[in-house]
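Order as written gives the chain letters A, B, C, D, E and F; numbering starts at 1 within each chain.
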Amino acid sequence: MPEPLVYLNGRLVPASEAHLAVYDTGVVLGATVAEQTRTFGRRLYRLEDHIDRLFRSLRYAGIDLSLSRAELAAVSHELTAHNARFLDDAGELGLVHFVTAGEYPSYAAMTGRPVRPGPTVCAHTFPLPLGRWARAMGAGARLVISAVRQVPPQCWDPQMKCRSRMHYFLADRQARLIDPEASPLLLDLAGNVTETPTANFLIVERGTIVSPPHARILPGVSRAVVMELAGRLGIPIAERDIGVLNALNAEEALFTSTPYCLLPVTSIDGTPVGDGRPGPVFRRLLAAWSAEVGVDIESQILAAAGK
Amino acid sequence: MPEPLVYLNGRLVPASEAHLAVYDTGVVLGATVAEQTRTFGRRLYRLEDHIDRLFRSLRYAGIDLSLSRAELAAVSHELTAHNARFLDDAGELGLVHFVTAGEYPSYAAMTGRPVRPGPTVCAHTFPLPLGRWARAMGAGARLVISAVRQVPPQCWDPQMKCRSRMHYFLADRQARLIDPEASPLLLDLAGNVTETPTANFLIVERGTIVSPPHARILPGVSRAVVMELAGRLGIPIAERDIGVLNALNAEEALFTSTPYCLLPVTSIDGTPVGDGRPGPVFRRLLAAWSAEVGVDIESQILAAAGK
Amino acid sequence: MPEPLVYLNGRLVPASEAHLAVYDTGVVLGATVAEQTRTFGRRLYRLEDHIDRLFRSLRYAGIDLSLSRAELAAVSHELTAHNARFLDDAGELGLVHFVTAGEYPSYAAMTGRPVRPGPTVCAHTFPLPLGRWARAMGAGARLVISAVRQVPPQCWDPQMKCRSRMHYFLADRQARLIDPEASPLLLDLAGNVTETPTANFLIVERGTIVSPPHARILPGVSRAVVMELAGRLGIPIAERDIGVLNALNAEEALFTSTPYCLLPVTSIDGTPVGDGRPGPVFRRLLAAWSAEVGVDIESQILAAAGK
Amino acid sequence: MPEPLVYLNGRLVPASEAHLAVYDTGVVLGATVAEQTRTFGRRLYRLEDHIDRLFRSLRYAGIDLSLSRAELAAVSHELTAHNARFLDDAGELGLVHFVTAGEYPSYAAMTGRPVRPGPTVCAHTFPLPLGRWARAMGAGARLVISAVRQVPPQCWDPQMKCRSRMHYFLADRQARLIDPEASPLLLDLAGNVTETPTANFLIVERGTIVSPPHARILPGVSRAVVMELAGRLGIPIAERDIGVLNALNAEEALFTSTPYCLLPVTSIDGTPVGDGRPGPVFRRLLAAWSAEVGVDIESQILAAAGK
Amino acid sequence: MPEPLVYLNGRLVPASEAHLAVYDTGVVLGATVAEQTRTFGRRLYRLEDHIDRLFRSLRYAGIDLSLSRAELAAVSHELTAHNARFLDDAGELGLVHFVTAGEYPSYAAMTGRPVRPGPTVCAHTFPLPLGRWARAMGAGARLVISAVRQVPPQCWDPQMKCRSRMHYFLADRQARLIDPEASPLLLDLAGNVTETPTANFLIVERGTIVSPPHARILPGVSRAVVMELAGRLGIPIAERDIGVLNALNAEEALFTSTPYCLLPVTSIDGTPVGDGRPGPVFRRLLAAWSAEVGVDIESQILAAAGK
Amino acid sequence: MPEPLVYLNGRLVPASEAHLAVYDTGVVLGATVAEQTRTFGRRLYRLEDHIDRLFRSLRYAGIDLSLSRAELAAVSHELTAHNARFLDDAGELGLVHFVTAGEYPSYAAMTGRPVRPGPTVCAHTFPLPLGRWARAMGAGARLVISAVRQVPPQCWDPQMKCRSRMHYFLADRQARLIDPEASPLLLDLAGNVTETPTANFLIVERGTIVSPPHARILPGVSRAVVMELAGRLGIPIAERDIGVLNALNAEEALFTSTPYCLLPVTSIDGTPVGDGRPGPVFRRLLAAWSAEVGVDIESQILAAAGK
């Protein structure tokens, strides 16, 4: 029975056989850096930017990857091409890269086999659950200010995309107490807005798209696309501290993230953002993005939800 | 070919087949709580205390385990009994429990199979690498004050034993730049001493064993044993803030952790602790501990190193 | 038509005429210190302790009250005796004292009259809404960890009972998003548990009643009663940092506050505390308290709710 | 005897009868948002900007005002027109808006009347005490760095104009120990300059007007005017962190606030700013402001002081 | 002309010739640790405790002193004996030890001579200016809460007595703006009371002598004497966080420091402590101290002031 | 024997006689502000900028210097002209200015002479140890992230160049444990990059020279030159927060400081910056700087090292 493939430590294996030993440091320490890319029309979008960011995370974490950027890109394309065959007609793929620090020697001794040297490198795909964002694409996403704070730069640099995400897990859990569909917005230790566990957060204030300062958040590839599209559309952009008052009084608020590109945020702690409906900046950006990728992003999501 | 077994989600599987899907939340989020227990004379030591702490971590993280404490204990004993057969004559087992939040649904869709509900529960063993601590048991461990800080309670409670440990990975890496055998000592955001990535840290100051306050550190089972033994031996104990000056001027400094019980720390940032040799409080505690478990802990470690 | 009286700046006025000018600093700055005392059997309980704390707050705030402690006590007793007549048979009174910094001169000029010198001093009563706590007395109160943090000592000392409580208002509002009956638990800037907007928070951990350290919380008169009763009952007490993990894993958790004395807390962020029901330490303390005041506190509350 | 009117909860009442019940949340919690506007030539200046900011504060605090912006503006103009009649010939009015969360139900029960639903809304005026700023307009205001810090965004957003101002009360009190005419300058918890209890603080550094970043201070309407006038005059403006060293070494320092528009600050902690006299940027801005409003602001203040 | 001697780098030199090269690290970096001891009846008091603390500071700073504790003690006694001859009849000596990291090589090259290796070690004396404390001994010292905060442990451990004291210099300067005789009380970054630039601070609260926790302050030798005397007198002692409210409401407040042993603090930010006069705990401690050293400490100070 | 001169308190003295009394506040408190200037071709470079910064530090510290800027400049030139004679042919001078708060009165009494009023003012020179930077100029400097943090603005403004540098001394010591030639990079309390004990730190990111925000670092004169040269060369410059991830992933990293102007940083915590070699921005800036001063800076350094 044919199935999607997964790249794992130099080999392509069937998806159902893609697993990590329980003594992998990715399991033992969460010492893992990762990326998530998607396709449009089944072609990977901005793969180079994602690979660049992966290499920046790796350098920060001090993990040496044996593959070059080009080799990783080649594997990614090959995997995508193969696995796209398993999609529904309208489907798109998400592509995940992750790299752990390899096997944890003392635990690995359980099997009696020698420790595999070097990091654990994996690339796998999944069908983008596009329909999952249909409600938020139409009515807007809902946010709650989390009691859990972002891990500060004194511990690790928030610009690294890593998988030590217990605080995100806790924040998500608390947000769902309020509203099963809500996402938590994390503040930093000074009380400024940062991001959600899975998306960059932007607001529109007096016509300007405002992002928190880059050094306190993940430097999102989608966020960079927003900035680029805004530039083309003549929408001013700025990086500055965002307080909760700014977020609640924004003309619009936005999530931007790889799987869905852009979502309107229409409620924060139960208070509507703007008039509580997706706004014109959101519309213009999404239209420009759809044009750039040759896919009507919103229609694709709504279609996937059977709407 | 017979091999050790691993408990994984209700089944016992051979060690070489114990693995997590790449879409397990333990891999994707590091949202994992864990424990590590050891044997003395191949019998699990203070298993109940470890299981208690595991359940405290689980309740904090909001993960519901389907197993009761008693069931988990039974599995643990069974596993230990089976796997001890694969040890060398003088060997001891480490027993690891970990629980993740289960499969990450969107990634799990890659295989087309339904998502396995509930958490991922694993118990596995490994031969304790006792010889690895022989040098430190004799000459003392070496510490460096880390540039990386402990994740603060605003993000998650440091009393939870979790596996989002990127900061530990980074701290270990930097410590090894100074000295391949050094361990990093992490300060909290206020600059007080907390712990190392794998051990609680204690000092002896004017004859009293001093620990950092409990709420800022992992409530170590071995640390509790130290307190208990100290009580029996009439050595005063106290919990209070420890500054770096206190650590550098301590009469003795100690690591306490499950695998080796107790190690003397004889150097911090290149400065000797006390006279730079294991001290009398260390000796008395280790002797009492050896008596309690019926194993000469130091000899066992030295023997394992062939000394 | 007779009505309760209010003490206001040296005079007793009918309740319906007890008001502050819109230019009082209590309105303009929230620069107000306050107390809340209650009756048992219509006699004021621990009035001296409340007046003591009021004077401590006043000294900290630098507000000079023209009344002595004895004079304020006399007024309080007189007011209580008079106003108790308006209660239902089973009713009890709450007695509020508050002192503001007086009139705000520039705004006061609006009337053309001279500014009244000195502070604004008020004592008023209200029928204790005892029935309001019947549900929580039976099934336990519900807590959520608030995204809003306690104002730190760098701004003002949390031991002062003051009425600049915007953060409490915000925290209450967010808690009610989760659960209309939930109270928010505020953490301090280091992530430790402090208190709720209206109650001190205590936990029972290994049989010991634990409170956060005194310097970070309001030194509650009811909290002091708990400590006193615990002493008599032989229940150990301790002051130390409480992390969220401690709260979630406590054997019991308690609110203590003047109006209801003691309430069991049975849920934190949706997770049951202990077995999710009021516990034995709560029962013993409440019984002792009832004995001390000659009133069955729980029955009084349930009766008030018509249960 | 005719007197000024006050708008209070939908009614216009004589100033001497404008008061809040002692059980209003504005008194009980300081949970009040507010604005202060002034007239020039008895016409309200930038009323819309103040009402905008009021609505931003209300949305942040989660208080729903039944009035629209237009209605509130209409009331404001009506009130101003009426109350201006009571001014001296040269007088100007200050107009205060404040909104509290309404009556505090349990305390309100003291009167036996039903709780008035909804917020408490008030607008009142006062004769601007223009003469009070004559000394500072001529010789410059004096500042002291306060030991009290600004309430951080973790507690509430400093961009909200609220009346939980105990820290301001404490800071003012300490400043007056040094100098009865000094104002305190509050730092944030990181040690950066923020503002005073009643004014935004600006410095001139190498010819540029510098303000602390917007998210840490009240977004002053007068501050916005300064920025606007500076733009017209070709004076560069910037937002960036201001350290105490910058303030002490500034070419000029300025207060900007509604009642007096702009004051020179000529001394900080006893050290002269610049040459200790009002500087040219102050002069140019004040002249431009006077031109914009058709009133010589300095002369009006000096005249009011009889100078 | 005979004059006092100074110990400097192994030699005894006349006081007027005791100086450091401008390129000494004590001048260039303030990288100096120090002690201050005094005589009673011209005999050094608790010299061993001061030398112990000096060695603790040296170990923390990583400076190796060539002298042993005994050698340093011998030099200290010799110097004291010699220099006491220059005192007035009733005089006492202060003895200062300081150790710098030695010469700063690049600057030292200015003379063309080789760099002197090793640290700079100095011991010198001065006539204790006893009369200077007469006013405070009688009427009490005055404190102001400083806008300047204590350097946090993240930078260096406050338990080290070092001479990088710019913050103390700034705090003293600001305190004198308020009152030429006031001392500043520094808070830590969390807003808790620590100490003054030259004294430990203690309060008496419900009969107990309370000190801030040891790890945040200099472990004063005089403070240890207070604790010892209190123990003998049966006065309870405690270490816990002291908020500003505690200080302002203390029954008594105290400075303790080597030169004057103990002073009553009778005013904080202009508010009297207790009844504004030296209190009974102060009296009892000072009497016990006088008995211990065989000198009436207060009389000696008053006599020195000619009172 | 002729020797260089030192300016000290109004007099020119031979270098070997330039010293401070042990009771100078520069020795006692480290309450010293300072500057360091250098010559190119034996002419002082940007002396006015250094004197300006000195006066800014003095004003912040509240130390009044009796000399005017012009007088201090004149002395500086005179000293430089005289002392340059003692240089080797290819030598250059460093010129140090420092000002302390003067004599510490109580200690000064040791000599029986009257206290010298006013500050201690010193200017001295030293032969720039140019050869010392030859290795770093060629192969690049090495950095380690320090466990010691920068003193925060709550204690003193980091823009003041002062000599209370114990934290720098501690950071240097720890860095040398890792690598005898490494410099420590200090983070601020929020975890952002600031500077090293002796240099400003800059990175090149996407072609832009990035500096940490000015208010958190010493406003380096050399840093200002870099900005000026970059402006001329058309290299974009920016001030923004730099995280450790940014530093590790920079295209280039740079030290800039008076003695050597500019050094490439090629390694951080053992990880190469860029390709681990000096980069093109460094080359262009150094060439421009050499052109501006008429000295080939790199050749001069290499020549001094005999390379």
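Some points to look at:
Following the convention adopted for this analysis, a contact is a pair of C-beta atoms (placed from the backbone, for glycine too) under 8 Å apart; a residue touches a chain by one contact, two chains touch by 3 or more.
Remember, predicted model here, so these are calculated numbers, not experimental data.
Ranked by distance of CA centroids from chain B, the top chain is D. Relative to chain E, the chain whose mean Cα position lies farthest away is A. Separation between the centroids of chain E and chain F, computed from CA atoms only, is 32 Å. A separation of 57 Å divides the Cα centre of chain A from that of chain E.
The distance from the centre of chain C to the centre of chain E, each centre being the mean of the chain's C-alpha atoms, comes to 43 Å. Among the residues of chain E, those in touch with two or more other chains are 62, 149, 152, 154-155, 160, 187, 189-191, 269-270.
Chain contact topology: the protein chains form a pattern that is neither a line, a ring, a star nor a complete graph.
Contacts between chains, counted with the stated touch criterion, involve the pairs A-B, A-C, A-D, A-F, B-C, B-E, B-F, C-D, C-E, D-E, D-F, E-F.
Partner chain E is touched in their complex by these residues of chain B: 187, 189-192, 240-246, 248-249, 269-271.
The part of chain D that touches chain C in the complex is made up of residues 3-4, 6, 8, 15-16, 18-32, 61-62, 86, 94, 96, 98, 101, 106-113, 122, 124-127, 129, 132, 148-152, 154-156, 160, 162-170, 173, 189. The part of chain F that touches chain B in the complex is made up of residues 144-147, 149, 174, 177-179, 187, 189, 191, 269-270.
On the chain B side of its complex with chain C, the touching residues are 56-57, 59-60, 62, 152-155, 157-160, 189-190, 213-216.
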